[in-house]
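Order as written gives the chain letters A, B, C and D; numbering starts at 1 within each chain.
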């Protein structure tokens, strides 16, 4: 099969080992990803961000194909048992394609909204391992042990650690694809990096013990700018997109809606458009796989629409605001305001304002605090190998990365409805 | 307001006259476009093609903003009454944003599937003119006559014909945006053209009668390549995307599904997930505006999913195939096979094969014939004005366009399920 | 070796067979291409067009590398003797890199200015075959017969005709690179095409005689748009760049300057800055290879500068105009004016105007007529192979190419100094 | 005038105040920039880097045009006397176009090679102020005081400090253009930044004293990523291009060549191809403006070629190596080796190796140490203005810039001919 992808251009899977990709694309659980947006509600902030998990899954498999080609071009120095065989390549391609197959509606949002229920990694494993799924049967047709191996790989476990980490690690094929794809769809141009150079600069490092599997490394200083631009692309995407105030606000609203639905259901209220899986997740903390797979963005959007007319005024109000993009406002906490204690004080004062205005502070006022460490090589990362063979940590040899190492990027924001904005800002200015 | 668009980069609407754009984006009928894909089922062929009518609407308004700026920079030669006032600019921006607000689920597909019901242009007019809509009320707040004027503009009527044609004409802002956006989302790189040069090369032509409104023209030969690349971009997009076999096949399947639903409903069969508007459209040929606006891609996808389990074997089969992307196959008719009579003969033979295999030919075999004339300036088009002031038709002075003028691009394909492929091809090869 | 190219991105030549590229780049005759602009005087029209033959030579070798990889992935169907061996690959890479090594200052301009002297193809062959050059010695070190084989390949002769035509044919690596590179440097964005798809769609056609070498073909209809966009890219580049009035005018001036230098030298006038090779070419129609290789853009620009102060008023005037970009004006002949007879009449009338103004018409008035056939597959071109194995000519199956086939793009212009413009235009308007 | 630029797309200068750009482009001193490469010898490392100062000059003027448009859209809050009048706009456009008109052959290289002679800024001032130049006469035709004002602006002096700093400051039009242009030509994709957003986010800050001219600031946090990406683009270009080992090595060779030429001339040796200006600069430390303007890349390349055959073995050897790109090798000093004292010790040891091999260490061994501070806002930079009107330093509010502030990027390398490589590396490894 061959197709045109806006991010990678010509994408072909044609060799014998690549046939697994085409076979898996025919599975209903993979086709379901067409109905799950990669970036949840981010399209409310970036109108182009309607791309799906399906396109990303193909992209990740394609990056794996490129990576496998690179690994094969440098594996002469490895003993035979450490090389990429046809079987290992097939497993890796399948794992790359399936790494996110368990995502619920609006991707990460769904599991954040339902704490205590299985996370998407767990659903992914179930989909791969459950004999009833088309994904499982497709893999098992290649080899009965393949589902098990692929599930392990997706969890980041493989005897070739470098292969495991290419599915789940700092520079894995998932990140390589989603950074480029999210940047492309949102138009945030500085969210890109040089994938070709990054792949090209890969080489094998030195095994910790003689005979052990060597880690992947980059050829420095040539490979260093490729790593730097990758880390920066990620940093920019967090600053500009993933932590964007409208994304965060809408996600916060959705989570609040789910919390409300949960409370109503627990109270015995009947709500329209609640599918089996949701009810089950809320009541029992888990759901049947079949039912879970029936959930997708469309189901959720239709349900949100239906809940606009329920009797519960809170649920009706919140869903109406979200449906018509009347998002809650945010007030970002900088400097002295951003400390942990200060935040709580400010939240408390905002809640009091709400109460004074007759608004339920538990539902309508919140604090959203997110954090990411864009780069840290102290525990683990690609080493940089110099011409003399000596490996270094990227942060030790990169001007830029040395300064970013271990530093946390944080954003804290108060969240509240527009009608409280003036009052809350006035209160906080005191 | 200012936002980042992957196609146009920085998109800002900040002046007083542009405030209408932000106001309209808050209307629920415009927000609904977030749930209507620009290219229907094309994502089945191009995995990136999940962009929505909402992003396109903003893009069209932005191109209008650029166009207005250009018109103002050249309008010194016009009498005052022919110039772009603030009011006209506001009307034009609103018309550009709203030109497609009446589209149903999956855009053009919906109206093709329900012949005899109002087309999207009619729904657009209703949305603008009906006093109950937020769109109407937003416009009327600016000026009570504004809804009427905008509706006229969307229909391509305005005293300044050049303004009318910029909303609906050969080089209108709709096309300017959708060509670039569809190319961007699908990755079909040759579907682009040079919008900056096209706008920059615009000038006013010579009015047919002294005192009349002059038509727009391009400054030639500088503007000619911009027109050529626009026409070619459109031609390539038709060949590569709009007439793509998987797009056409899936659209044909959807239309067949609708026809089946119609038949079942007329028979009195009860089906799940059929909204009021659809039932009404099928039974009475029309629907209430409110009900129509409740339709979007999500509703349709959820309904298709629900119909997979109905008793009717045909509806159940077709929806299952579409849901899992088991698309009908196509056999393209070239050369001698493509003539009108030959096509019918071939269709008849394919139908007989189906019947011989116990398959209902009325449902499972079809002929899809589409046609587009990429360029024709014999009736109307931008004139090219030479340094000596003489206007020419583009086809008279362009090497390329002279050869394309009036030529029809056609595609004819037999459509049938995969299980009939070998038998039908064998039959046709006889 | 690995380098960063603005057109192709990461360019690497690292395998054993590719070592020839790095070796040849060290040859002084190849380094000389750094001082020869790819597009002659075109930078006078497009300020970005300062790229050199050196960058293009590397680019052509890189496209050859991509082509070889594609050929190897499809050559299983060929008998062993028709496959791409290491030796053939090395020859092809060398031929791609060296195909234009014989160009003189400002590329094509130099040979046009000196009719009757060896053309650049001849100089290329001499450089490859003359045992005194570093190019020759580098090739001979690989294999004493290699210079001869490479020279043949550059001439388009090889037992594998598809390899020969990839060095010199309708879709050769030279064109593939220069179209992309010239478009990149000038910013003429529609001068691009989809190289990846063009390469990817290549397959072997059917040999004319059983056992003969099959021609290359493209897999249609998938490959058709790639061919179409290639042909159109070329057409656009001719219209926009290669036939641009300022390029043509400056080239016409340079040719006139050379003609004057020739006349002066033949008269025995001594001029500064005339290198041996030029004198010899003018006097004897040929030059020693060593002397020829001393010529480059810099030498020519320095000489033009020096000639500004010679006594001959014509040479001094023309070089001063060119040095300060006071280019001759052009008057394009369209429609009735463009016919062969009409042109001569108009030229005659323009010459009379010049004479009436006391200007030497032989030097200062000219007619520049250029022509190119963007597409013609009647004699030879890539065939398009359909799923059923039937080959067709592209023009028979492409909507676009069918309409362009054999059509000539022509431009005819009168050329004259700015001070005659008004008088000549007045005369022609009569 | 309107032209196509590969970096900025459509570049037009058409208004009355912009006419100065077209007028100045006709000046012989500006046309001379066509023969001066922007990046000196960098094309030896990046084959695409043959772009000229001429294209950059136009680009800088175009960025100024964009900046002026932005300033005008926000200047309502300024008193009338602080606004951009037609005259000020014209001065600023001229200053942007002319800011580097005084550069010598290979730009910065020439002045580095001739310490003690006037720097390019001084030559720029002379060209603008000397009544004999076409540049001067062109400006004076607009207004006799214009040359003086433009010269002041180029030096970064103007009553509107924000205008002065846009010609010469941290975010001046020079940098804005050269970063984008150098990135485009070399293909170093991460050397780009978002010019549109940077311009769009500009606003006026708060004047230090009431009534004083306010500084420019950016609207934060929206403008922050634009500044960050600008700073990073610059950092990447330094790391990847400006400090590239092949660029540095070739520049070091050229400087050594100049030093040798100087020594030979001072000894009374006669050398071919030495123009008046060079002789004068070497002997007297200065040259006549006319003579200086005769210098360009071509003259220098022709001279280097001529010097290959002089008797002096050192000059002949060095020029031959440079001509055929047999560049000196570099050994980068990291970590402990990079300290100031360590460097000198290593240099001394490398010199001893050279001497032991009978090579003149003064000529053939060198230490190249370069340094740049990518970002420092402690003295001066754009402030970031928050919604509440409070200005902050970028480093105080940017996660990234806070970590880069004041940090120096350094590169130190030993430089030596290839034949000493093994011996020197062996010695240093001890």
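We take it that contacts are C-beta pairs under 8 Å (C-beta built on N, C-alpha and C of every residue); 3 or more make two chains touch, one makes a residue touch a chain.
Predicted model only: the values in this text are computed from it and were never measured.
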Superposition of subunit A upon subunit D: rotation angle, C-alpha, nearest 5 degrees: 180
Result of counting contacting C-beta pairs for C-D and B-C, higher pair: C-D
Maximum centroid distance from subunit A, chain identifier (CA atoms): C
Separation of mean Cα positions, subunit C and subunit B [Å, integer]: 42
Where subunit B and subunit D are represented by their mean Cα positions, the distance between them in whole Å: 50
Whole-Å gap between the CA centroids of subunit C and subunit D: 33
Overlap residues in subunit A, where contacts from two or more other chains coincide: 9
Partner subunit A, residues of subunit B touching it in the complex: 3-7, 9, 25-26, 28, 31, 34-35, 37, 43, 46-48, 50-52, 54-55, 58, 184-188, 294, 296-299, 301-302, 305, 323-326
For the subunit D and subunit B complex, residues of the former touching the latter: 2, 9-10, 12, 196-197, 200, 222
In the complex with subunit D, residue positions of subunit A that touch it: 189-190, 192-194, 221, 225, 228-229, 232, 235-236, 239-240, 332, 334, 397, 399-400, 403-404, 407, 409
